[in-house]
Amino acid sequence: MSLLSIENLSLSIHRFDILADVSLSVAPGEIVAVTGESGSGKSMTALAVMGLLPDSASTRGRIDLDGTDILKTPEPGMCAIRGQRVGMVFQEPMTALNPVKTIGDQVAETILVHKAMTPAKALDRAREMLDRVGLPADRFPLSRYPHELSGGQRQRVVIAMAIALRPKLLIADEPTTALDVTTQAQILDLLKGLVADYGMGLLMITHDLAVVADMADRIVVMRNGEVVEQGPTADLLVNMQHPYTRMLFAASGHQVSLPPPPAPVPLLQVQNVHRDYRLSRTRLFGDPGYFRAVNDVSFTLNRGERLGLVGESGCGKSTLTRAILGLENIQHGQILLDGQPVFTGHKPNLAVRRKMQVVFQDPFGSFNPRHRVDRLITEPFHLLVSPPTGTARQDAIAEALTAVGLRPQDAQKYIHEFSGGQRQRIAIARALITRPDLILFDEAVSALDVSVRAQILDLMAELCTAYDLTYLFISHDLSVVRTVTDRVLVMQAGQIVEAGETADVFTNPQHPYTQTLIAAAPQLPDLEALQRRQSHV
Amino acid sequence: MGHHRPNVTAMLRYSLKRLTSLLISLAVASLVIFLVIEVAPGDPASFMLGINAQPDTVAALRTELGLDVPKWQRYLDWVGGMLRGDFGTSYTYRTPVAGMIGDRLWVSLPLALFALTLSTAIAFPAGIYAASRRGKPGDVAVMGATQLGVAVPNFWFAMMLVLIFAINLRWFNAGGFVGWDAGFWAGIRSLTLPAISLALPQAAILARVMRSSLLDILGEDFMRTARAKGLSRRQALWQHGVRNALIPVLTIIGLQFSFLLAGSIIIEQVFYLPGLGRLVFQSISSRDLIVVESVVMLLVFSVILVNFLVDLAYALVDPRLRTRT
Amino acid sequence: QTDITVAIQLEPPHLDPTSAAAQAIDSVVYSNIFEGLTRIMGDGSVVPGLAESWEISDDGLVYTFKLRDGVTFHDGTTMDAEDVKFSLDRARAEDSVNAQKALFDAIAEVEVVDPTTVRVTLSEPNGLLLFNLAWGDAVIVAPETIETIKTSPVGTGAFKFTNWVQGDKIEIEKNPDYWGTPAALDKATFKFISDPTAAFAAMMAEDLDVYVNFPAPENLPQFEADPRFQVLKGTSEGETILGINNKQPPFDDIRVREAVAHAIDRQAIIDGAMFGYGTPIGTHFAPHHPAYVDRTGISAYDPEKSRALLAEAGFADGFETTLHLPPPSYARRGGEIIASQLAQVGITAEIVNVEWAQWLETVFRGKNFGLTIVSHTEPMDIGIYARPDYYFQYDNAAFQDLMATLNRTTDPDERTELLGQAQTVIAEDYVNAYLFQLAWPTVAKAGVQGLWTNAPTAAIDLTGVSWAN
Amino acid sequence: MNRSLIIGIALSSLVVCAALLSFVWTPYDHTVMDIPAKLQLPGPAHWFGTDHFGRDIFSMIMVGARTSIAVALVAVGIGMVLGVPLGLTAAARKGSWLDEVIMRGNDLVFAFPSLVIAILITAVFGAGAVNAIIAIGIFNIPVFARISRSAALSLWERDFILAARVCGKSGARISLEHILPNVTNLLIVQGTIQFSLGILAEAGLSYVGLGAQPPTPSWGRMLADAQTMVSFAPHLALIPGIAIILTVLGLNLMGDGLRDYLDPRLRISRT
């Protein structure tokens, strides 16, 4: 007997078909993971179950929740179901809570809105729930406001709200995507524990196949609004039928091979760097105080070397990047590129700047939407003493675009005419066009779908061969760092806690922080091993 | 994070910082006002004595009024006096400026408050209603009305109100202020038409802001969270939307205050209310410099003060600001 | 009913008539609160006031005033010769701030003969002395209360000052100890409403009993048509003129001034700006005065002639000048019409709207103007044409002699003759363009009686006002 | 194109056309007085009637549109030309003393109600259209400075600005090349709104006698002149009032429409 069963659900918005004949079911105590690339309709499926679809959506099919036909239940009926019989956790913990209400009130509200208890009892229950999700009373009183909590803590509050009335079904839409690996591991454990304790059904949406493989009892793979394949986790992993499923798993574990690095000649030297942010004054004439975002960081990056920098959110990676780029002054130590200081006060030293370029995380925010691609990628020419003009410029543009797998004609388009992956290629083209000695990749593939990410990683490997790239690759995603770097630095709270050959650090981490980081990172199961084992049985 | 100071000190610190910049603004404002007004042509003494006066009489009066001391000294006297709460003596009326301003405040302040109350009382429900009916006929009607309200010049609206309610229907006085001596309700009555004409255009703007900021809030993730808990649209709107939407609305109320003052100067003119606005006009035409300076200073002060209070109000509405340093 | 609410346009700045020019002060206090040795009546005649009688020496240099007996100030102290001497000496002192100090120029000495007799000695004969002493600026004040006169005036009049709510109203009440005929009213309130719309509405709503010098002539027909009200169509002492800067080219050429005069259609201005209220004048003299001579013919509306004169003066294509307009609507509206009439003969007059203070500074003191419109509300002020430094800068020795003679002349007939001559001289010299005598319309409830129709001074004399039952 | 934009453009261009047409043609000369024909009601000879001097109101409204538009337009221009560079500079030097000075200066100007600025200016220089323009213009400066600063600040956070900085471009150059083009939409929308506020402000100033001086017709002054006559000639107040309302309404609708039309969020969803 299943708790939730979706039968042939089709959905369209403004005559655009979003879902087509989606069928899946969740049994009590079961964890069902829905996966697939961005835009495949995962969230829409979840919202359909909650009855929270956009007004303009029209549906066909049937969603049966514990005997109730959701699609036929009128709004007041749905209000009674939501929160009571089905709870939901969303992706963005930073914005999922009302900033002006205390967490206690927000958790208790779930109870009060269903008039399940008296206000005093509801607060007791809220307390109990917060304790259960790992927010103990002594450190997290009910009177806390959301902004006083970290992302992971907020996500716990959201979960506490969703389970306050012990719903039979919990839906979690990418509940950990915005979180650090360590926090992610904790939240996933929490969810698993709740399912076990309360016997809830959990419909979990995620695009992270490692998480899927680790958590789910059953897997549903979606693409373009359709379910392409579903089945019990073990079965599905072993006998992937659909090529898309296979591609997805292949791309997730994608490995590239880099050419061997040349003999070490120092290019970038970072010596005892401190970067302090000034805090606002606490007293009128008092010392404002500082926050040290980068603390005594030293390392050397050799010419032709691919260096990784990993660490969880907020540990100071981007701050260090900006300091290396010479965009901000540092308070102590020095950063030398080819023996020259990178920061030269208000007037940048173009001779040094010329040797560096950067690729940022967000493919949507990295380009001025009002300029054409040719203008965008030739912006670094500003650094040159005599930038190429006329046909030389055209040739340079064409070459750069070709190098990243685009066509020279694309130079005349605007950035909004490209997909995320293409944009990231353009960003790389921009970084390459002046042939800099050093490129910094700040989370350059983090925002991309697995399949696109695999392509970009391939591109980077190719470019390493073609152009002898030297780069600093910054990421919180360990699996990616592992494949595109020769050496890796591990950063925690502004400090480098461990450095070494990538393979060594990953297989034999020394520092406890590195150890937790690696332990927390969800691992894709070794599919071949699984299949081998299956076939032996 | 390890910095959870009690909210009170955070509030205090926040206020103190704002207070310093407030004081600097006031100092600069006083200098600007003084310089501008002193440069303006016209002499209070010759104005008071009229066209038959003899030059030596005018000179005698200038001495009597203290107009022949150096400008910088007059400035220091003026500012120093204000700090002690003494605004000086009016040239033309020969009475303490503080007293004159005090009398006028009893008209202007109630008018401003009345108008502000009225406009928020109209704007909030209208904005919330429109936002909750987005795109439906109710919304379209409210938005059409506000669009019109924004376009109507308040003084013209005032003229029309006078024409209809004072001259034709005779429900209200066309102008003048009966004074609070005549009783609270009589006072309110004579401020009603002015307050309405000030409030309605204001309300139109506020309603629009309220609606759009609510609509922004409706798109926020936490509204979806609230709905996922089982709150109905209406409950979510009231319990989670309104307070958050208040933040931009407060900004607008603060910014609009300056418009409200400018508007009330004109409206006082239309209804012949003995308020600060009229006092400015009156004293500028009689070159009662010290009164002009003091009233303008007071108006500027009130704008700065209101914006200061609005900043503090933010902190009340939005807990994030209480700890932000 | 024994109380009355009277509205006027402007609020007095303070209540001392002897140290400011504001007409509003006289409106409230003259003859109601303060009295002088002589006083002006509603018909313009000068009658005994606090001086019961007087004797004039044959050479016209010594005036001996016999004061009324038993006159007390509102604070109970008696009014005697010492008070008179104090008041007159204060007004003419070196550091006096009396706006009409010139009224006392002729006085050489004031002596107390006995408590009820005062002797005033002149340095030269002055035909206007008794009239001058009747001005509000010459009222008798008490030395003991001079410090507070501006806010709580103490006089000898039939009413006592009781209360002033600034920005709103002044209240006075009957003085039971008045020496003369007591007032019929027990209480009177002056309200200040300068806004014509508010004035109209307040009157219509019967919140006011009387509005003296109603500011919007366009609304008067509505009151006339309404049986609840009466409209007293009086005239004021205000000669409304288009002031011409006689020293500023091209106005230093009499042909240009004449051209300006002929370009102006007085009736159109009276109709357009004053909605018909006002009497055309051809010289600087009030038509209701016995000595008035009609000189409008000299400057009749004749644009053809005007253009011819301009051509003759070398301005066939016209010229540009400024027209400074103070705030009253006779000036602002009249100015618009005049600018348009001048445009018809080719004169471009740029309108510059100014506040009174600016007008005094730029026009009156700075003489930095071409044309201006102003109503000269002082009574009998043709003498200003004898002051070459006066803002319109008319400098005619013959006229100055004429005025000197007039000042020394005390015989009424002779004075009339001289005044007639003076009127003709300035009209023929086209010193200014004379527009109209400003009307003084008073709107009152039908039952109010005893109000002055005309305004020989700005006073609103309530001593004779009462309600008909 | 949305409905607001279409109605807004229609109304605004009607007013602009009337203003332009008035340069070459009006039914009557708006300065000519015909006092015997004063205060006529709207009729075939005078479509909108005549005023208290017998002038043709229709012609005055047409020429008055010119005044309103000129004053408001120039005032918005002043506000933009001075305010936008200030705002962009403040954003480019965020947190520096320059930013502080600019923003505090802004607050200061903002603390003076527009009418008070106008009163002060006219007290010194006298009343007139130019001074009305200056007063409204001064008031517009902080509006544009604020809006361009806050828009610029969020742009400065964007990666493409960081990329430009990596390419060695100076703050001024980035402001011109990257920030300005990306705030123009916002400025156009705000400009339209300030334009309509300018028209209201001009009317208000003229109403209290601080705006354009006669014989230049102005809607605000027509209202002031009409004030004592509404009880017997209401059309004198109604017609200029409606002219103001329609103009401001048109501009506001256009502003709203433009905002929707130019909104990048909406545009991205279209492409």
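Residue numbering begins at 1 within each chain, and the chains themselves are lettered A, B, C and D in the order written.
Here is the rule we use: a contact is a pair of C-beta atoms (placed from the backbone, for glycine too) under 8 Å apart; a residue touches a chain by one contact, two chains touch by 3 or more.
These numbers were taken from a predicted model, which means no experiment stands behind them.
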Between A-B and B-C, the pair with more C-beta contacts: B-C
Centre distance in Å when subunit B and subunit C are each reduced to the mean of their C-alpha atoms: 41
Inter-centroid spacing, subunit B versus subunit A (mean Cα positions, whole Å): 49
Geometric centre distance via CA averages, subunit C-subunit A, whole Å: 87
Rounded Å distance, subunit B centre to subunit D centre (Cα mean): 22
Where subunit C touches two or more other chains, by residue: 197, 200, 358
Where subunit B touches two or more other chains at once, by residue number: 41-42, 159, 162, 167, 269-270, 284
Residues of subunit D whose C-beta touches two or more other chains: 227, 230-231
Overall pattern in which the protein chains touch one another (line/ring/star/complete/other): other
Which chain pairs touch, all of them: A-B, A-D, B-C, B-D, C-D
Residues on subunit D engaged by subunit C in the complex (per definition of touch): 31-33, 35-36, 38, 52-54, 126-127, 209, 213-215, 227-232
Subunit A contact footprint on subunit D (complex, rising order): 158-160, 162-169, 178, 181-182, 264, 268, 271
Complex contacts: residues of subunit A adjacent to subunit D: 322, 325, 327, 348, 350, 353-354, 356-358, 360-362, 365-370, 379-380, 382-383, 416-417, 430
Subunit C residues within the subunit B interface of the complex: 13-14, 19-22, 94-102, 150-151, 165-168, 191, 193-195, 197-198, 200-202, 204-205, 207, 327, 355-358, 360-362, 364-365, 376, 378, 381, 391
Subunit D partner contacts - residues on subunit B that touch it in the complex: 21, 24-25, 28-29, 32-33, 36-37, 39-42, 147-148, 150-153, 155-156, 159-160, 162-163, 167, 255, 258-259, 261-263, 265-266, 269-270, 277, 280-281, 284, 292, 296, 299-300, 303-304, 307
